[in-house]
Amino acid sequence: MTPQVTPELQLDIERFLFAEAALLDRHEYRDWLSLFTEDLVYLLPVTTNDHEQAVGAPPPPGPQAYYFHDDLRTLTQRVKRLETGKGWAEMPPSRTRRMISNVMLTPADVAGEWNVACNYLLYRSRLERQVDLLIGSRVDRLRPDPDGSRWKIARRDLTLDQGTLLANNLSIFF
Amino acid sequence: MDGREPITAASGWTPESIRALVDVQTGTLDPRIYCDEALYRIELEQVFARSWLFLAHRSQIPKAGDFFSTYMGEDPVIVSRQKDGSVAAFLNQCRHRGMRLSRLDHGNAKFFTCSYHGWSYDSAGKLVSVPMEKNGYCSKLNKADWGAVRVPRIAEYKGLIFGCWDEQAPDLDAYLGDAKFYIDVMFDRSDAGTEVWGGVHKWVIPCNWKFAAEQFCSDMYHAPLSHMSAILAVLPDGVPPEAAQWPTEGLQWRSPNAGHGTGFHTPDDQGQLLGAIVGPLVAQYLMESRPRVAARLGNARTTAVNGAHMTIFPTCSFLPGINTLRVWHPRGPNEIEVWAMAIVDADAPQDVKDCWGQGITRSFSPAGMFEQDDGENWIEVQRVLRGARARAQPFNLQMGMGNEQSDERFPGPLSYVFSEAAARGLYTRWARMMAGESHEQLARPNEGVS
Amino acid sequence: MTPQVTPELQLDIERFLFAEAALLDRHEYRDWLSLFTEDLVYLLPVTTNDHEQAVGAPPPPGPQAYYFHDDLRTLTQRVKRLETGKGWAEMPPSRTRRMISNVMLTPADVAGEWNVACNYLLYRSRLERQVDLLIGSRVDRLRPDPDGSRWKIARRDLTLDQGTLLANNLSIFF
Amino acid sequence: MDGREPITAASGWTPESIRALVDVQTGTLDPRIYCDEALYRIELEQVFARSWLFLAHRSQIPKAGDFFSTYMGEDPVIVSRQKDGSVAAFLNQCRHRGMRLSRLDHGNAKFFTCSYHGWSYDSAGKLVSVPMEKNGYCSKLNKADWGAVRVPRIAEYKGLIFGCWDEQAPDLDAYLGDAKFYIDVMFDRSDAGTEVWGGVHKWVIPCNWKFAAEQFCSDMYHAPLSHMSAILAVLPDGVPPEAAQWPTEGLQWRSPNAGHGTGFHTPDDQGQLLGAIVGPLVAQYLMESRPRVAARLGNARTTAVNGAHMTIFPTCSFLPGINTLRVWHPRGPNEIEVWAMAIVDADAPQDVKDCWGQGITRSFSPAGMFEQDDGENWIEVQRVLRGARARAQPFNLQMGMGNEQSDERFPGPLSYVFSEAAARGLYTRWARMMAGESHEQLARPNEGVS
Amino acid sequence: MTPQVTPELQLDIERFLFAEAALLDRHEYRDWLSLFTEDLVYLLPVTTNDHEQAVGAPPPPGPQAYYFHDDLRTLTQRVKRLETGKGWAEMPPSRTRRMISNVMLTPADVAGEWNVACNYLLYRSRLERQVDLLIGSRVDRLRPDPDGSRWKIARRDLTLDQGTLLANNLSIFF
Amino acid sequence: MDGREPITAASGWTPESIRALVDVQTGTLDPRIYCDEALYRIELEQVFARSWLFLAHRSQIPKAGDFFSTYMGEDPVIVSRQKDGSVAAFLNQCRHRGMRLSRLDHGNAKFFTCSYHGWSYDSAGKLVSVPMEKNGYCSKLNKADWGAVRVPRIAEYKGLIFGCWDEQAPDLDAYLGDAKFYIDVMFDRSDAGTEVWGGVHKWVIPCNWKFAAEQFCSDMYHAPLSHMSAILAVLPDGVPPEAAQWPTEGLQWRSPNAGHGTGFHTPDDQGQLLGAIVGPLVAQYLMESRPRVAARLGNARTTAVNGAHMTIFPTCSFLPGINTLRVWHPRGPNEIEVWAMAIVDADAPQDVKDCWGQGITRSFSPAGMFEQDDGENWIEVQRVLRGARARAQPFNLQMGMGNEQSDERFPGPLSYVFSEAAARGLYTRWARMMAGESHEQLARPNEGVS
């Protein structure tokens, strides 16, 4: 029998996602890193205009470029960079706000784990007048702690719905 | 029909006032070259329509019918592999009413059929069919005259496909000159050559294209400070901070006349820094391949070219070793689109290719730990130039003036690695083209640059 | 007694709405059509600047223009158009992302049916650099299947909060 | 105070260089007419300030005090029904400091009181009251001199209200000429005339206004390909694909001098296609009304004008049968606002009106299955013209050159339905106005167009 | 023991927040005012670029400017202004749509009261083509009615994530 | 290097055609002054680079090393408190390649180190260190020549710090002239002077800067109507509507030559209206402080200056009593950034300061009940000016022409409070500077203004 998505579980996981988003919006990056598993896979591929049909299958597979192709080690490097006090792209820091919606749980193939899909709107305001609007979808693989007390993110698959990226850089996290 | 006339008529600029913008005697630069609308419109004609521009890497269109959509300046072009293996490029614009022929980034197609009225072109841009040709055009339309506008000059060097609009321009080989010696460091490491890993990063930076082109041409100077945070971040734990010390020895080369330039550090750090940036697997692979590469390129280019940057005038730039390749497509005076590709050895093991491609992504791409800070600097320089007093202040281009040197291992002219000689060369080339010098004149060395 | 809005019901209906949005974002239009009843009413009227007071009543009624005045037959025609492989406005297809928020249930006048209000943000990214942001409100009439197993949409009333529409076309669905 | 002087002074354009943009001898067009900023500023003066522009449909302001806010070019104007039943139009701009007098799309008002300092105007634009007139202006303000700027010329044809800024312009009747014969097909089907169903669709398309105006004037050619998907989609199930074959017979009319044009198919399909597009109820109504209409307009215009398109120069376009009416308001060289209305017979049954209005919405509106693809083509043509080489390529305007014909049923000059004769007429008219020809000169036929 | 955030409570409070947003989007300002307590504190401070580090603490405190520094009396004045029929900035009224997401409850220090955090996207469309996108975070202090029947807002702390405000005015409410 | 030449060359404007834009004989104005791109570029040079511009309030940079980032026109400048207590201001632009030196709104810093290549400047803008100075620049760089560009003229009046680019300009004292008499009403109420409460409101309004500057200079006329809704809203419950009657008596002052202006109501309402707007606590404080203030400023300025507005040409405006202070930073002809501050007496009790600051926020700020409606008017005026006919209509500037008066209590020239004399003065000053008059010429009174 497949595990039920109860309101309690939905609420528990949404609170986890919202708390994670708040850590990023507050620039509490070390605490954020603590939410991921050691074997984290963190991917944000590039989108292209490469198929003609609005109906049916997704774009043909093939070699892909990525904005992020990271693991816990490299995500940690990115945080270390911000901690040096010389990461100009974030000095002063971007004002970010992450809106998480359409949170949809489906049981993962491993008992107790869940694939959590959502859509995100990542708003960035920088310096005097720069504004970036980054929107896409996300699927997180949530794995319970050994002691089952709380969740960890084992995998994050993102999309960013833009052909040519309209932001001058991606100095923030998704 | 001449696109230039009303532009220059209304621009208020003359060859003399344009030349005066770049003063290599005093080593100063008028920043209006970065923000003046009229200068930009002249640039599209005098620089972009007369220079060899990077179109695509050979590996992006391997099979007959493969095409890649790119830009020459602001002009969309389709680069397409022909049945005979040659490459054709033509404006991505229907000759009837100007509709874009293909809205795909890349693909494979025998024909490009316009979605407006259905004119159809073959993979070389030849107009092959026209609806209502008989009834509507009374068979009077001369299809041969109305093919897509071909890029008349196409040439390839070591996998890099270039195109040029100008019939009078010298051939690519002469245009590159000694730049080839330095290009080979990245693109001629083996008979297999190189290939693009993954796809293309495309993003928008609101800054003038020359900031980017100059930096990759001549600016090792910014690296220690602009990128300090990334260096510190990628250093393996336990490595002493001294290791973060940026090397001080090295050389810079500038083209005598063509505006190209490169710089690099000569001390051999055994790929340590590169390993930290793109991954130990790549560093190890590079060390192992040294004998093979040395056999082709010699020792100097195998061990004494580290952390290199290079620009082929005007907008093709790359970093040998880190292996990012990019074009700075201009979008008005105040904006560029960066199109960046990860380059790997075609005959490297797949795990090395993947490590390399991912390492490039994490260091030089919109989210790259190094690239992020470049974008921050460029956009702020550009924003400040909205100011009337700000754009009246000369920029300083004096580093290393009158200090060129030579090294039997490398073609010259050479300078110390921290120098702006190559920048002075780039801007001088720019001013000469903008002032309308003929290709014969442009073949002569830049005067006064040192 | 009026039916209760329980967390279970809220979750059930939100999952239905999120699944519907995902079908559109994935361009699975035939599956999307299967979510509507035969007697579907699907309306998106045009907004105008035609009353002076910020406080109180909505704009005066009167003849109205519509962006969409559709039923299941005409929605199906729109999908057929995309399936021809000649619908240039969606070749290559738009990248869309639908964010559904403020989901508010109220019992309908027919027992077992619900009026489900929400706000939507429909983000569209096309070709190289085109971006459209379409935002408004929506009220869906949800009707249970005869066998009560799942929901169908019997009516959709939309607003699009823009005076002059800033998009070059509406080749996508709401 | 002359708005033109500094514009042309700085524009670099001359009457000669402007005329050269349109070459009807070779049937080519310089695409800078679609993207040059200076040409656009001249257009506002030479074309939009001298032509008859569509303002509103009579049914939009039935009662005294009713007003409709629209634009003439980029100028906001209020069109208002007077107590005596006449129509007045004036700039939606206060004469004191230029505030917009009404920010409503439409309404009913006796007075327009400015929200800045309170000057108040009546429904004809007359300045009727000024705060502090006595204490502040010491009663020296001559209110008669400071009314809202009236549009000096207002005229109506079959429910279509037009306005013109130019006192010298010919009257509307002469301006339309034989176009009236074709306008009547849509707007003179009965004594009751027509009305607007619902309201106005307003949306933004980043393209030049002439792409839209020309297409409705002269371009049946794009329909079979651009709109194939919609045709296939609306065909009743079971109808064989052949039914989707676009008809091949038909005629195109161009104004000899004024830039108007229309085209249509002559075979009578008994309203089959129209029924598929706007709904069987409408098709049935049209068939039933044929005798009544034939009695007014004759057989030819009742049965031999199918799938018609038409443009009244410069920016008023409509499709008889489908009955969409629209204006292409220019917003710079690279953008338009489309304002589209659904037109129905005023004396049709309500259910027919509703079916018609909804059918128009689903075919021609921002979400219309036909209109969507036009928008896609126009924006891409415009984007491509950012390129310096792209805008240096002549467009091809040659279809049907030298092939005009005649038909006793229809006033000429006529061509085959798939022709660009009307487009050549439209661009020639444009060039003549841009070059500054007087209305006397403009009354003469376009030379060289055929 | 700290009070539990149950799905029932979460749903109850979200419905309250969504209903409040709908009142504003419908310009029913008097009803909206009735949702606040007499001792309301309503604050939206100005954001500045004044610290250099992307990691760690929020900007240094110090004297602050505010977009809104209001109480129930002054909010009521603002509504009175709109009711005069002479509040030009809202004639015709702005079309607004409020998307509330990331709703996160934490018990307040007063028993029965809750601190309710959320992120908001306030979309404004005015006149023909003006569009403003206002995004930030919000923390509401919710206090139950004496009879516990429904909620009142006792305090609202907002952020607006923009350096230089890109809107010509803030004639709407947050 | 001269920023002006190509601008004017291509602008098409001459001193004569510029002077003709402002006609004080007929009291009319050519609205192209608000929307012409070329005029704007000339403005930055002729007006903003030659006038005294407000930089900061003394209280914003109390301690040595404190700096405030602001703009002079579109030029970013850093205003910084020196160790000796003096104030220095310099372009926020690195002299090497133009990077912005500080991206912070304010702070405290001994040095400004450029994030691009690391050139470092002290708090006075002096270039103090350059990486690679020895190896890269071979010690040939003359650091003294390459300090940040100093604003040559800095002066303070009653806590208001001004700067000017023009060495030839008269000193601030002469520039302000009799304006000082009126400035003191707000800024010289006690020895303690004033301070900024809270921080700075910064927001964008798509309108020309002159609409805002003129309104605060000369336009009491708009208050009763534009702000009626706010007046009604803040009136204490139970106050009869008559109380909302706007006062009718008052005076307006214009600078004879410099473009400054102010207006105010002379009847003493005992701070009633002010109390309603900013809070009773403030009104009470102001009444109590009257004797102290009268002792400094005399009775007239203490009791007969109510509801005042004032502009120091070109872009520094404030409202004595309500105590909002702001700069209108131009951002092209069609946009401004408003930077507004709340001013309070430095020696007022904290609760009064807080009440005052909050009251200012609720009345004059982006969300201010009064300010909201100004923004609505300005943006609509600007949008309407996209129209070619709209920008060809003269604006009316005639209120109070030829009606100046005098009052022994106040320096002149004076007019009735509802007048446009100060506006005529402001635009005449603007035209004279735009036409290139020297400061000697500008010292003479405006001719024809009355």
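First chain written, first letter: the chains are A, B, C, D, E and F, and each begins at residue 1.
Following the convention adopted for this analysis, a residue touches a chain if its C-beta (ideal position, glycine included) is under 8 Å from a C-beta of that chain, and two chains touch if they have at least 3 such contacts.
Just so you know, these numbers come straight off a predicted model, no measurement behind them.
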Using the touch definition up top, find the fewest steps from chain C to chain F.
2
Ordered by label, the neighbours common to chain D and chain E are C, F
At the largest C-alpha centroid distance from chain C we find chain F
Look at both sides of the chain C and chain E contact and report whether the same residue positions are involved, with over half shared, or different ones.
different
Note: chain C sits from chain B at a C-alpha centroid distance in Å of 46
Rounded to a whole Å, what is the gap between the Cα centroids of chain A and chain C?
27
Round to the nearest whole Å and give the separation of the Cα centres of chain B and chain F.
46
So, what's the distance in Å between the C-alpha centres of chain D and chain C?
33
Sites on chain C at which at least two other chains make contact:
7, 10-11, 49-52, 82, 85, 87-88, 91-92, 99, 101, 121, 127-129, 133, 163-164, 166
Give me the residue numbers in chain F that touch at least two other chains, ranges are fine.
10, 103-104, 115, 202, 204, 225-226, 373, 376-377
Touch relationships between chains, expressed as pairs
A-B, A-C, A-E, A-F, B-C, B-D, B-F, C-D, C-E, D-E, D-F, E-F
Complex contact set, residues of chain B against chain A:
103-107, 197-206, 225-226, 228-230, 232-234, 337, 342, 358, 361-362, 365-367, 369, 371-373, 375-380
Interfacial residue positions of chain D with respect to chain F in the complex:
1-3, 5-7, 9-10, 41, 44-45, 48-49, 71-76, 91-93, 95-100, 103, 115-118, 131-132, 135-138, 140-141, 146, 149, 165
Would you tell me which residues of chain F are touching chain A in their complex?
103-104, 115, 202, 204
In the complex of these two chains, what residues of chain D are touching chain B?
10-13, 17, 28, 30-32, 36, 38, 211, 219, 221-222, 224-226, 248, 373, 376-377, 380-381, 383-396, 398-401, 403, 416, 418-419
Touch list for chain E against partner chain C, complex
7-8, 10-11, 15, 18-19, 21-22, 25-30, 79, 82-83, 85, 87, 90-101, 121, 123, 125-129, 131, 133
